[in-house]
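Please go over the structures that come below.
In the two complexes that follow, chain A is the common piece, with chain B as its partner first and chain C second.
Showing the complex of A and B:
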C-alpha cells in the first residue's frame, strides 16, 4: 500500500514535467483491449445477432427472433444427447484427473532423485498433439488388432475381443481416458507449483507435532492447495464443456471417414454438434450460433456451481 | 507405504510414456506390418516413411505451423505484457475495472464466437490464410492474467522509481528494465502459447480449406488418404510434430516450473 502511495506521488511529480505519465497505463492497456474488442468481443456479439437469424452463410439473413433457440430446446433431441454425453465424459474424467494429479504432484515433489525425470515423463502427454492421441488410442483399442484386446485375450481374461470403440459406454470411457491421460501432467505441474509456494516451516511444525505422511497430506497440504483445486475444477469444467478434439479425432481423424458422433452418437459432444451443423454436414450458421450461445449460458452456470461447491466458505474471497 | 508409492509412480509414468513410445515405434515400421502384430521394438522402415512424409507438402506445412506459433507467441506476449505492466505497476482510474475485465474475459469460452470470427475474417479478406489462426492469439486473457500476477510479485517498485527519476521513458522502463526481470514469466507463457497454438486443431480445421495453408494437425489427419492410408508415415510425421515441443519443454522446464509458481498460482 505504501509503495502504491509512493508510486502515485512520483507519477504526479513527473506529470508536471510531461503530458505522458498519466496516459501511459492507458496506452499500455490499449493493445490488449483493442485486440480483444476486435477479435473476441465483436465475434461473440456478432454470433449472438446471427443466432436470431436464419442464415446459411450465403443467401439473405432472415430475422426470426428466438425461434432457433426454441427449435434447439424443443425439437432437437440430439442437442440434449450431446449435452448429456459431454457431462458424462466430464464426470468420468475430472475427478480422476484431480485425484491422480495431486497424488502424482505430491509424490514427485518429495523425491530428491529423479524428480525432473518423473515430472518430464508425466508432462509428455500434455505436449503431444491431439491428432496423435486420437490415432494412438484408436489403434490401441481397435477390436481386431488393438493391443488392449490382444493382451486381455492372451492372459485369458477375455474369451473374445471387446468392441471398445463401438460400445455406448466403452466409447465414452475411452474418450474420458484420453482426456485424463492428456491433462494429468498439466494438473501435476499446477499442483507442484502450488506446493512450491507452501513455506517449508509449516511442514516442520507439523512434523514436530507428530503428524506423519497421510495425515500431513490430508490435513495440511490439501487445505493449503484449496485455491488451486478451485482453479483447476472451474477451468476444467469450462474446457470440459467445450470438449471436441478427443472424440472427433478418435472417430473422424483416424479412418478419414466422416462419421459424426461415434457409434449411434454416443460420443457426440456439444461443440462437435456445433461444428458439424455449421461447417461439416451443414451450414446453418444461425442455428449453430444458437447452439454456441446455449452452451455459453450453460458454461457460465456450471462454472458458478462448481465454484460454489469447491470454494472455501469462511475465506471471504 | 513407500514401496506402494514407488510402484504407483512407476506405473503412472509408464502409462504416460507408453502411447508416446508407441507413436515413435509405429513410425519406424512398414504400414502393413502394423496390423500383423504389435510392434514393441523399433523397425527398420524409418527412412521410407520419412520419404513418404517429405514427398507430401510436409516441409511447407511445418513452416506454416512455425509461422503460426511464433506469430502467436509474439502477439500474445506483447499484449499480455503491456496490460500486465499497466495493471500491476500503475495507479490510475479504471485499474480495478481493467483487472476485473481481464478475469471476465478469461471465463468467456472462445468457441462461442467462432462463427462470427470466421465471417469477420472472410470480410477482412483473410479467408484461407494463416491470419485467422494467428490473430486469435492477439488478445489472450489467460496471458494477461498471468502477467498481472507475475509482475505484481516479481518487479520491485523501487527499481521503477529509480528509473523514472533517472529520466528513463516509460516504454524504455518496460523493455529495458522490466522485461529482463520477468524472463521466467515470459518463458513460461511462451511455452504454453507455443504448445497451445501448435496443437490447435479446431480453428485451422474450420478456417483453412486450402491445403497450401494447412497447419500440422489438420494436415496430418488428412495425410495419405488419397492413395492409401499410411498410418506408419502418419506416425512418423506426428513424432516429428511432437519432438520440437519436447525439446522446448526440456530446455525450459526449470524456468517453466518457476514461472508457473510465480504466475499462475498466487491468484
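Showing the complex of A and C:
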C-alpha cells in the first residue's frame, strides 16, 4: 500500500494507471465478499462454534467440546431414524421424478400444438407455495374428509377410509408424491431446455441411418442430456437431504395440532429434527448446530457420490 | 427457429412469473402485521417515571405487548388509557405457534422483545425455564400470590418457585355437551342430573355404550382420543417431573388405562383435535361431550357451531375438574418500563374495572379472588355466552362447581415434549386397536426419552 502510494507520487499519471487496474477487481468484488462474509461465512463459522457449546439461546454458553456430536451419533436414535427416513423418501421421489420428467419433456418437445400451455400447466406446482401444497395434500388424504377416501368409498372399494397419513409407509409415499408433484414441472422444463440445445442435424443424420423412435431416444437424446441429468441428480440430492417443507406442512398444517415427525416419527426428516430440537420440543441451539453440521458433511459426501455415479467419464464421449 | 422458441419461452416465463405473484399473494396472511394503539409512539423505549401507586397520570412510557388476541387488546387499551392517559400500549400480533421461537430470536439477537410476555399453556413450561421473566412478588411489583385463586400459583411459577405471571383468564374446564343429544340419549339435559348420572368414569363408559347402541353407533361420547385424554390427564395434576427425572409411568398409567378402556368400549370417535372433521362434528351432532374451559364458548363451541345457539350445556367432568389451555401474563426482566407494564397488567387482568370490561365484552374470567368478592353480581347476571348455552349461567357454574375441583400443575420445560409425543402417538392408537394400554405406555416412555435425552424417563 505504502509502496503503491510512493510509486504513484513519484511517477504521476503512469503510476495511477498502474495502480488503478490492480485495485479495480478487488473493489468491484468487495460488495459481494463483504455480503458473503457477513451473511454466509460468519453464520457458518459461528454455528460450528455454537455446536461445541450447550446453549438455550438466552442463558450463558457452556463449552462442552465435541459432546454434542458424541450424543448425536451414539445416543440419539432419532437422528439415524430421521436420516434413514430422508434417504427412503429421496429414493422414492428422485428416480421417479427423473424418469417421468424426461418422458414428459420428450413428449412435450414433440408436440406441435398446445406445447406452451402444457409446459405452463406442468410448471405450476413448482411455483405454488409449499404451504398451499401441504394443505392440498392433507385435505386430499385426510382419512375422513379426504377426497381420495371419499372416492374409494363411493365406488365401494373400501368400507372404511384408509388412514393414509398415519401409516408408516403410506405417510412416506405421500410425502414422496408431494415432492414428485412439485418438482416434475421443473425437471421437465430443464430437460426441454436441454433438448432444444441438441442440434437438429444429429437427428437428421440418425434418421438417414435408419434410427427411429425409441432407438433415437436412448442412443441420441439421452446421452446428449447426460450433463442435464447430472445437474438434476446432484441438486435434487442436495435438496432432498434438506427435505422439510413437505412433511412439516402435511402434519403441521392444522392450527394448533403439533405432530412432530408424523406417525411414530416415520416422516421425521433431518431438518425437521433440527427445527424440533431448536424450537419445538427443545431449545438446544448447540445440539441443533451439531445436527446442522453433521448434515452439511453428509450433503457434501452424498453430492460427491451422486456426481461420481452419474457424471460422464472423461473419455466416455 | 431459435428466435420463436425464445419468444415462446419469454411468454411462458412471464406467465409463470405473474402466476407466482398471484399464488404467493394467496399464501401470505396478516399474522405478522403489527397494530399499534390509536396514537402510535415514535419509539418503544421511553422510560417509565414515578412508581405505581401515585397519580396514574404521572406514569409515562410505551409498553410493548405481543398477543394473538388483537380484539381483546383493541378493546382493553382505550379503557386502560382512560385511567392512565400517558402510557402507550403497542400491540404486535404474534401467532401462539411462533411465539416462543420469535421471543427467543428476539432475546438472542438483542432486538425486538416485548415488555409484556404471554405464556400459552402449550409452551409455558419452556418459557418459564428460560429465566427471562421477573418475579412478581419482588419489587417493584410486590404482588401477593394469595390474591390469586388457590389453584393458580403452581401454574404460574417457574422451577425456582417464584411467581412469574398472572392469569390472563382462568381456564378450569368441564365438559360442554349437546343438550338435544343428552335429552334424547341420556334422558336429561340438566347439568345437575348429568353430574349424578356420570359421577365416575365407569358409569360414563357404561352410559356411553348405551348411547352408542341406542343411536346405532351414530352418537358417541367424545370426538376422539385426544379430547378424552385432555380430561383424563388434567385430572391427575400431580407433579411428575423432578429436575431431570420424569416419572411418566406414575403420572400417565391411570389416564392411559382409562383412555384405552373408553377406546375399546367404542365410545370414542376417531377424530384428531382441531382437524376440519373434528370442527364440523360439533354442528353435526355426532358426539355428546367436548372438554371446555371459559375461553371455549367463544373460540371452540360457537366458532364451530355457529347456528347452535341454545343447544349447548356445561357439566363438570366425572371424577373432577381439570384445566385446559390458559395463558400467563409476565414481565420481561430487562424491560425498561416495568412500572408502566405492571400498571397495564394490573388494570387489564387484576383490577375490577378491567375485569368487568373483560368479562362483559369477551366472557373472560379474571384469576383474582377480589374480583368475585367485590363483584358478586357477575355470577348472577347474564354473561356473554349464557344464551348460547341454553340460558345456563356459565360463570356461576365454572366458579361454584368446576373451580373447587381443579388442581394446578407445575409447568416444566419437558411438558411440551410430553404433549408433543402424546399428540404424535394417539392417532396411531386410534388407528391400530391391537395396541393395548401396556404397550402404549411403554412406547410413550421410549418416545419421551428419545426427545428428552438429557433426562431420565421411567
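Following the convention adopted for this analysis, the second predicted complex is superposed on the first by the 284 of 317 C-alpha atoms of A that agree within 3 Å, B and C clash if a C-alpha of one lies under 4 Å from a C-alpha of the other, contacts with A are read in each partner's own complex, and residues count from 1 in each chain.
One rule holds for everything that comes next: contacts are C-beta pairs under 8 Å (C-beta built on N, C-alpha and C of every residue); 3 or more make two chains touch, one makes a residue touch a chain.
Just so it is clear, the structure is predicted and the values come from calculations on it, not from any experiment.
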{"item": "First (chain B), second (chain C), both or neither touched by A:263", "value": "second"}
{"item": "Chain B versus chain C as contact partner of A:309, first or second or both or neither", "value": "neither"}
{"item": "First (chain B), second (chain C), both or neither touched by A:166", "value": "second"}
{"item": "Chain B versus chain C as contact partner of A:77, first or second or both or neither", "value": "second"}
{"item": "A:281 touches, of chain B and chain C: first, second, both or neither?", "value": "second"}
{"item": "Contacts of A:289 with chain B and chain C, given as first, second, both or neither", "value": "first"}
{"item": "Chain B versus chain C as contact partner of A:131, first or second or both or neither", "value": "both"}
{"item": "First (chain B), second (chain C), both or neither touched by A:59", "value": "second"}
{"item": "Partner, of chain C and chain B, that touches more residues belonging to chain A", "value": "B"}
{"item": "Which superposed partner A:104 touches (first chain B, second chain C, both, neither)", "value": "first"}
{"item": "Touching both chain C and chain B, counted on chain A across the two superposed complexes", "value": "57, 116, 119-120, 123-124, 127-129, 131-132, 139, 144-145, 196, 255-256, 279"}
{"item": "Chain C partner contacts - residues on chain A that touch it in the complex", "value": "56-59, 71, 75-78, 115-116, 119-120, 123-124, 127-129, 131-132, 139, 142-145, 163, 165-167, 196, 254-265, 276, 279-283"}
{"item": "Partner chain A, residues of chain B touching it in the complex", "value": "1, 5, 8-9, 12-13, 15-17, 19-20, 22-23, 26, 34-35, 38, 75, 78-80, 82-83, 85-87, 89-92, 94-95, 98, 101-102, 105, 107-117, 119-120, 135-136, 138-139, 141, 144, 157-158, 160-161, 164-165, 169-170, 174, 195, 198-199, 201-202, 205-206, 216-217, 220-222, 225, 229, 231, 234-235, 238, 241-242, 245-246, 249-250, 253-254, 256-257, 260-261, 264-267"}
{"item": "Residue numbers on chain A that touch chain B, as the complex places them", "value": "3-4, 6-8, 10-11, 14, 20-22, 24-26, 28-33, 35-36, 38-40, 42-47, 50, 57, 100, 103-104, 107-108, 116, 118-137, 139-140, 144-145, 147, 150, 181, 184-185, 189-190, 192-194, 196-197, 213, 227-228, 231, 238, 241-242, 244-245, 248-249, 252-253, 255-256, 271, 274-275, 278-279, 285, 288-289, 292-293, 295-296, 299-300, 303"}
{"item": "For the chain C and chain A complex, residues of the former touching the latter", "value": "5, 8, 11-12, 15-16, 19-20, 23-24, 26-27, 97, 100-101, 104-105, 107-108, 122, 126, 129-132, 270-277, 280, 413, 416-417, 419-420, 423-425, 427-428, 430-431, 447, 450-453"}
